[in-house]
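Quick one: the structure is below, and I'll ask about it shortly.
Labels for the chains are A, B, C, D, E and F, by order of writing; each one numbers its residues from 1.
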Amino acid sequence: MRPPFVHPNALCESASIGPGTRVWAFAHVLPGAVLGADNNICDGVFIENDVVTGDRVTVKCGVQLWDGLRVEDDVFIGPNATFTNDMFPRSRVQRAALPPTTLRRGCSIGANATILPGLTVGPGAMVGAGTVITTDVPANAVVVGNPTRIVGYADAEALAGPLDLPPGAPCAAVRAEVHRDARGRLSHWPLETALPFTPRRLYVVDGAPDGWARGGGAYRRSHQLLVATQGALTIAVDDGRTRMAVRLSGPEAGLHVPPGTWTLQYGHTPDASLLVLASEPFDPAERVSDYAAFAGWA
Amino acid sequence: MRPPFVHPNALCESASIGPGTRVWAFAHVLPGAVLGADNNICDGVFIENDVVTGDRVTVKCGVQLWDGLRVEDDVFIGPNATFTNDMFPRSRVQRAALPPTTLRRGCSIGANATILPGLTVGPGAMVGAGTVITTDVPANAVVVGNPTRIVGYADAEALAGPLDLPPGAPCAAVRAEVHRDARGRLSHWPLETALPFTPRRLYVVDGAPDGWARGGGAYRRSHQLLVATQGALTIAVDDGRTRMAVRLSGPEAGLHVPPGTWTLQYGHTPDASLLVLASEPFDPAERVSDYAAFAGWA
Amino acid sequence: MRPPFVHPNALCESASIGPGTRVWAFAHVLPGAVLGADNNICDGVFIENDVVTGDRVTVKCGVQLWDGLRVEDDVFIGPNATFTNDMFPRSRVQRAALPPTTLRRGCSIGANATILPGLTVGPGAMVGAGTVITTDVPANAVVVGNPTRIVGYADAEALAGPLDLPPGAPCAAVRAEVHRDARGRLSHWPLETALPFTPRRLYVVDGAPDGWARGGGAYRRSHQLLVATQGALTIAVDDGRTRMAVRLSGPEAGLHVPPGTWTLQYGHTPDASLLVLASEPFDPAERVSDYAAFAGWA
Amino acid sequence: MRPPFVHPNALCESASIGPGTRVWAFAHVLPGAVLGADNNICDGVFIENDVVTGDRVTVKCGVQLWDGLRVEDDVFIGPNATFTNDMFPRSRVQRAALPPTTLRRGCSIGANATILPGLTVGPGAMVGAGTVITTDVPANAVVVGNPTRIVGYADAEALAGPLDLPPGAPCAAVRAEVHRDARGRLSHWPLETALPFTPRRLYVVDGAPDGWARGGGAYRRSHQLLVATQGALTIAVDDGRTRMAVRLSGPEAGLHVPPGTWTLQYGHTPDASLLVLASEPFDPAERVSDYAAFAGWA
Amino acid sequence: MRPPFVHPNALCESASIGPGTRVWAFAHVLPGAVLGADNNICDGVFIENDVVTGDRVTVKCGVQLWDGLRVEDDVFIGPNATFTNDMFPRSRVQRAALPPTTLRRGCSIGANATILPGLTVGPGAMVGAGTVITTDVPANAVVVGNPTRIVGYADAEALAGPLDLPPGAPCAAVRAEVHRDARGRLSHWPLETALPFTPRRLYVVDGAPDGWARGGGAYRRSHQLLVATQGALTIAVDDGRTRMAVRLSGPEAGLHVPPGTWTLQYGHTPDASLLVLASEPFDPAERVSDYAAFAGWA
Amino acid sequence: MRPPFVHPNALCESASIGPGTRVWAFAHVLPGAVLGADNNICDGVFIENDVVTGDRVTVKCGVQLWDGLRVEDDVFIGPNATFTNDMFPRSRVQRAALPPTTLRRGCSIGANATILPGLTVGPGAMVGAGTVITTDVPANAVVVGNPTRIVGYADAEALAGPLDLPPGAPCAAVRAEVHRDARGRLSHWPLETALPFTPRRLYVVDGAPDGWARGGGAYRRSHQLLVATQGALTIAVDDGRTRMAVRLSGPEAGLHVPPGTWTLQYGHTPDASLLVLASEPFDPAERVSDYAAFAGWA
């Protein structure tokens, strides 16, 4: 049994501190807080009562965890990162219900980042230093800036070139037959031979807000062909073992994504238009939109 | 028998003048010219030797028909319209072969228009007054300006509103299920229920030059769904009996065109991207690209 | 009495030719045409039956005057200028009623210009050589190009600089007090001291089509202050004796136009917004919109 | 009498602590600081000597209040919010006079916000989390982002639609007579009938910096008509009882604001041009530019 | 001796017709005209008195040559091409002096082109069909469109690629040393080694009107280095034996033009900025700006 | 001998604290840290083991100095400024080598700024409050914003107007002879008379990233002429005694910079193109790019 460690200059009023957890100098933990095992609570951290942390959580110096915060296993919170629980705070005005903030398993909050109230940071996400988060962050997304933009997918393997997919990739490039002449460009997909499935559903997605994501999820049965007919965007593809981020631009080539593969779209140019052909009619029951469930983490 | 009429102030040196044809004052027809029946050759027209006209052709004042011009039945040529047969003329330089100019059945050349060498004006086309033509004109296209733009399809019926097709129209509007939220717009086409055919071919067409056409032709067997996923363009639809010009803009609705229907695309915005789903694999033999053959005029 | 002159190589079938009018070689006048006095009908001109010309009209070589054309006194028509009377001509198709074309007193049609059917060219207007006219031309406007733009006002006096109005000008510059600081630019008009009238009407005019005119007319009683608060445009000002064309740009200065003064606006930049203060409530009866009536020509 | 509370782990060296005020663990208050009643000074806060706070002030964890800071009643300061008192700090360089920072009554400073030296945050203003403030914040303004933009007016009532003002609104929509035709759009304001006052002053305001405000203040005697002749902007209108934020865009309608009404302009598009007609000649004495005085709070 | 030929239906009132010249039906030549040898004056042409043509001139049907026109040897004038001699013609208003039009040796005027008054079309120039010429045309320039643009240099040899100059070219590419890194692009020209001359004069030329030319001429002594530091433009280079048109774009490479070489600049993008280094101080006497003199034709 | 001062509420575990250094309440210094003389370590600061500071360093409240940080003499670190040493931190993941952060002599880090891992802030640089630094900062640069931009050069003297250089300035304005006509603007530099040196090297620099710097350095022997032929940019000029920041825009004037002068370029408009003429051939040995060496500080 590894008992928790509390520095003599810390104030730890809670009895619910997990084994192996350390609380350092000038930190202050209120009585109601519940901390998991092997946490590292650094100098000057302040933790209110209605806070629960998982195991192996790191909270660097200068951070406060307010009532309503839920921190899952393996989360990292950088120095001076700042949380909130009231969108329009006024002195001595108590809101009836404070919106909770949830940090999902394995995510990281960068140094001096600011998190607005009521948000969820997805599992594995990476919030850059100095970022101001104003909306939920998808699973594994890497976000930076103010306003915030998604700029990557955590742990995605680098590609040698656009659509230059290595063996074992969780998706495949599918190229059109392209004809150019004075009348313009014609990109032809003979469906029966170009695709490994019969399309039964067509989507066109456009108007995605600049710099933000959509589509985080996986289909259980549907194959998909994704083509950026206009503009460009990035598709993160993740089969639970291998992760890649593939940039699509223009109608000359698309991406075949097989069933059981998680995808996330981001990095849309303002004019991006995404064409999706899918092998199954629409059925909400075949869609998985919780990454932890997808990854079998639950 | 209706003999031709030649005004006493005209010079008609040809004996090949069809019945009912009139040649008016100060016109001059060289010996080799062959004119059909019921032509109207107005004051001051000049016709060289290697010229053949069909029946019921009107040539207004101030026009010259140069060697190499072929004029089919029912053509109208407006006053001072000007033809050419040498792209880079120099004095006393004779080209070995002059590019022929062809005016197809029933087309009209507007007053004071200029026609560059070697072009074909399609059947039924309408060239606006003052236009300078630098490329072939598709069947039934209405063209104006300098540079020239297609602005209509001759004799197309007016629509009450965009995609507001009357009963008996040669095509049908097909609307997507549209979902909008903060992540953008998603236009969904459940293929099995939304379309009266199974798609076996996908085209994406973009980069069409501003103001010009592509796709004049008809398929014998293919159904098509046409959607302007980005920008806008006009599809002229013509089943040989009824003509319509339908403006498409955006992914929320498309046009079903059945087999045996002539279409012409024009009026592309610079960003226009056209998605086409067709019911048959690509087969050049099923395509008719001569309007006269399509209309059974031959 | 000065009899008309007809060249021996001309064909003049009309008996209604005014005194002093000359008809030159290879010209052809049909029996119904009515020509005024002192016309000059040059070589190769063709005139149909339903044509009436005023006095002192010049028609240069290569021109045809079609049925429906009305030409007032003192009009000039340049060589090879081309008129039309059918917007969509087809061979051997006769329209029930052809739209008339009217050339108002003293206007000029440039060489090789093309005039679409049914238009009126205003009194004193100047249509540039090679221009294709697709809309009515205001009184005294100078127009060029394809598409056509108004580029001047005939016989306007040149200014030494923007708003540098000479003594005796038919209008006056009125300058604002301008204050600039970090918050922007503030243009202040103390109305009681800056204007020689009490404003009783305010207009804001914007969205004027690029290159075309509005506002041809005069008020009998209203004073006006005109300010281009955004963009730029030109105001032609004409009191029947003196004509000026004044460029306005930006809110720092405007133009006072007294009653009884004809104005025409043109040369708008795409963002032009015109503010008008006037001394009288709106009264259509005080507005004169026929230039000939304004000039006392009638 | 409610004595102040000082946590045993706090260092409170000042004796000027108001009744009911609490000072929590690891906070440090220097001897010269003067704190009002019912303040809440949270963990880790540091307060220098030349600091004065009013009553009911909240200072969350991780905040420092530097010499020169004045905090009025009812102010909220979020966690890790950071103040400054030297624009160009250098180690061991003491400025002769440090610019004071003033937080006016009832304002809120969001979590992790940064406040540059010498600024005043107006009464009732709401500074968003993570914002970097580089200029004064007007009364009641809601500001976010970096660079900072005004995005709202605190406690303004929502409108059902643009210019859809409810009964009892502190201002009134005034619509122009609008005429559109091929020549453009004409917006006509017959001043005598459209306005409830006689205009004696005209402003045109443009070039306002993107995203910032101007015009916070009220006139004692002047009526105003405000029209966004170009672009768009928002006018916050506040009569001390009711607050509204009205979006103006284009010359077709304006806003009548009666005397004794506070207004603030913000949300200018880059091309915004604001026309103002006012009922009085310019007189600085009639303008109130301190919101507290306007609201009778002083 | 080859006598001139006059068609019996022509009216030739001049006795100054050169040997071998033919005048065809319905043409009309006034008494004062002076025509050179081997002209071909086609049907319906009208020639006034104050007109002089050189040898081997072709005038196609429907053309008028007005007083003041001078036509040098080997000129081609296409059908219905239209000349003018009064910029602002009014009926029965005679200008004291009409601006002359000059067609220099070997130029061609395309069918239905319009030539405004007082212009000179340079030697060897090619004016496209339907073009409206409003300014002088440089020697050998190929011009089309309305407004007119220079699109080529007559008889220029094609290059295999940009700056891919063949042996014997009248100019040489000079490449900069280019360094790119995250700070940008640096193009370095070590003058002593990169250039075969010592620069003594530097020009920066920008703001050239879109589509038109400048700089037609040659220096007797100056070497030049030309670099398009911004945008792009074309330099026609002509040493009297070989002609090339070289597209310059960007600061990475320039063109060395030796003395005694004719150059013409055209095809400027709107942002084009041309840097010129020359080997001699400015001396107007060293510049030749008449192409005929340059070519030793005089 | 001045011993260090440690507040009784501080935790100072290191013995390597320089004379005169003060460590204030709730600060915590780990055993391995090495602090110089006369440091001021304020309340709540946390300093790890592998940290070295120079003399006269100020660290304000709420700052942490992590392993790998090197702080030179005279550095100022504002309150809540936040450092990092892992670009992609994960809980309980230790990087083999952490990238060091270096703060060079005399620089200042503004309040609440965020410094990404592995960066160097140059000597004398001034990092604005709230800034997020993602790249190295040049010597003496003043940077603000997110993304960060250089907006000034520390301690540069103000100019009365553009290129209005006072006596004793370390550089001189050189003006071109400018000619404007219908063909555009021509800026002529007669090199022999306009410059005090003979140019032997020419640079064209464009494509500089928006808002960032290039060219920090000095030449030992080269004179330079700098001209912004397109767009605009600022040249900071510093001879070790006097500093100026000169804005260049357009080809009509440039800047002569003598040898031994440090320059830094920043504030480029997107289209900025800089022409540089220099008196010496390229020689890397004559370039000094370390400001401390330039200033004789080493």
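Definition applied: a contact is a pair of C-beta atoms (placed from the backbone, for glycine too) under 8 Å apart; a residue touches a chain by one contact, two chains touch by 3 or more.
Bear in mind that the values here come from a model prediction, so they are computed numbers and not experimental data.
Engineer: I need the common contact partners of chain B and chain F, sorted by label.
Structural biologist: Of all the chains present, those in contact with both chain B and chain F are A, E.
Engineer: Could you please state the distance in Å, as a whole number, between where the Cα atoms of chain C are centred and where those of chain D are centred?
Structural biologist: 54
Engineer: Distance between chain D and chain F based on Cα centroids, please, to the nearest Å.
Structural biologist: 35
Engineer: Where does chain C touch two or more other chains at once, residue-wise?
Structural biologist: 26, 44, 62, 80, 112, 146 - these are the residues of chain C that touch more than one other chain.
Engineer: What chain pairs are in touch here?
Structural biologist: A-B, A-D, A-F, B-C, B-E, C-D, C-E, D-F, E-F
Engineer: Chain C touches which residues of chain D in the complex?
Structural biologist: 176, 180, 182-193, 199-209, 212, 214, 227, 229-230, 251, 271, 273, 275, 277, 281-282
Engineer: What does chain E use to touch chain B in their complex?
Structural biologist: 9, 25-26, 38, 40, 42-44, 56-58, 60-62, 74-76, 78-80, 106, 108, 110-112, 126, 129-130, 145-146, 154
Engineer: Sort out for me which residues of chain A touch chain D in the complex.
Structural biologist: Residues 11, 26, 28, 44, 46, 62, 64, 66, 80, 82-84, 88-92, 112, 114, 116, 132, 146-147 of chain A touch chain D in their complex.
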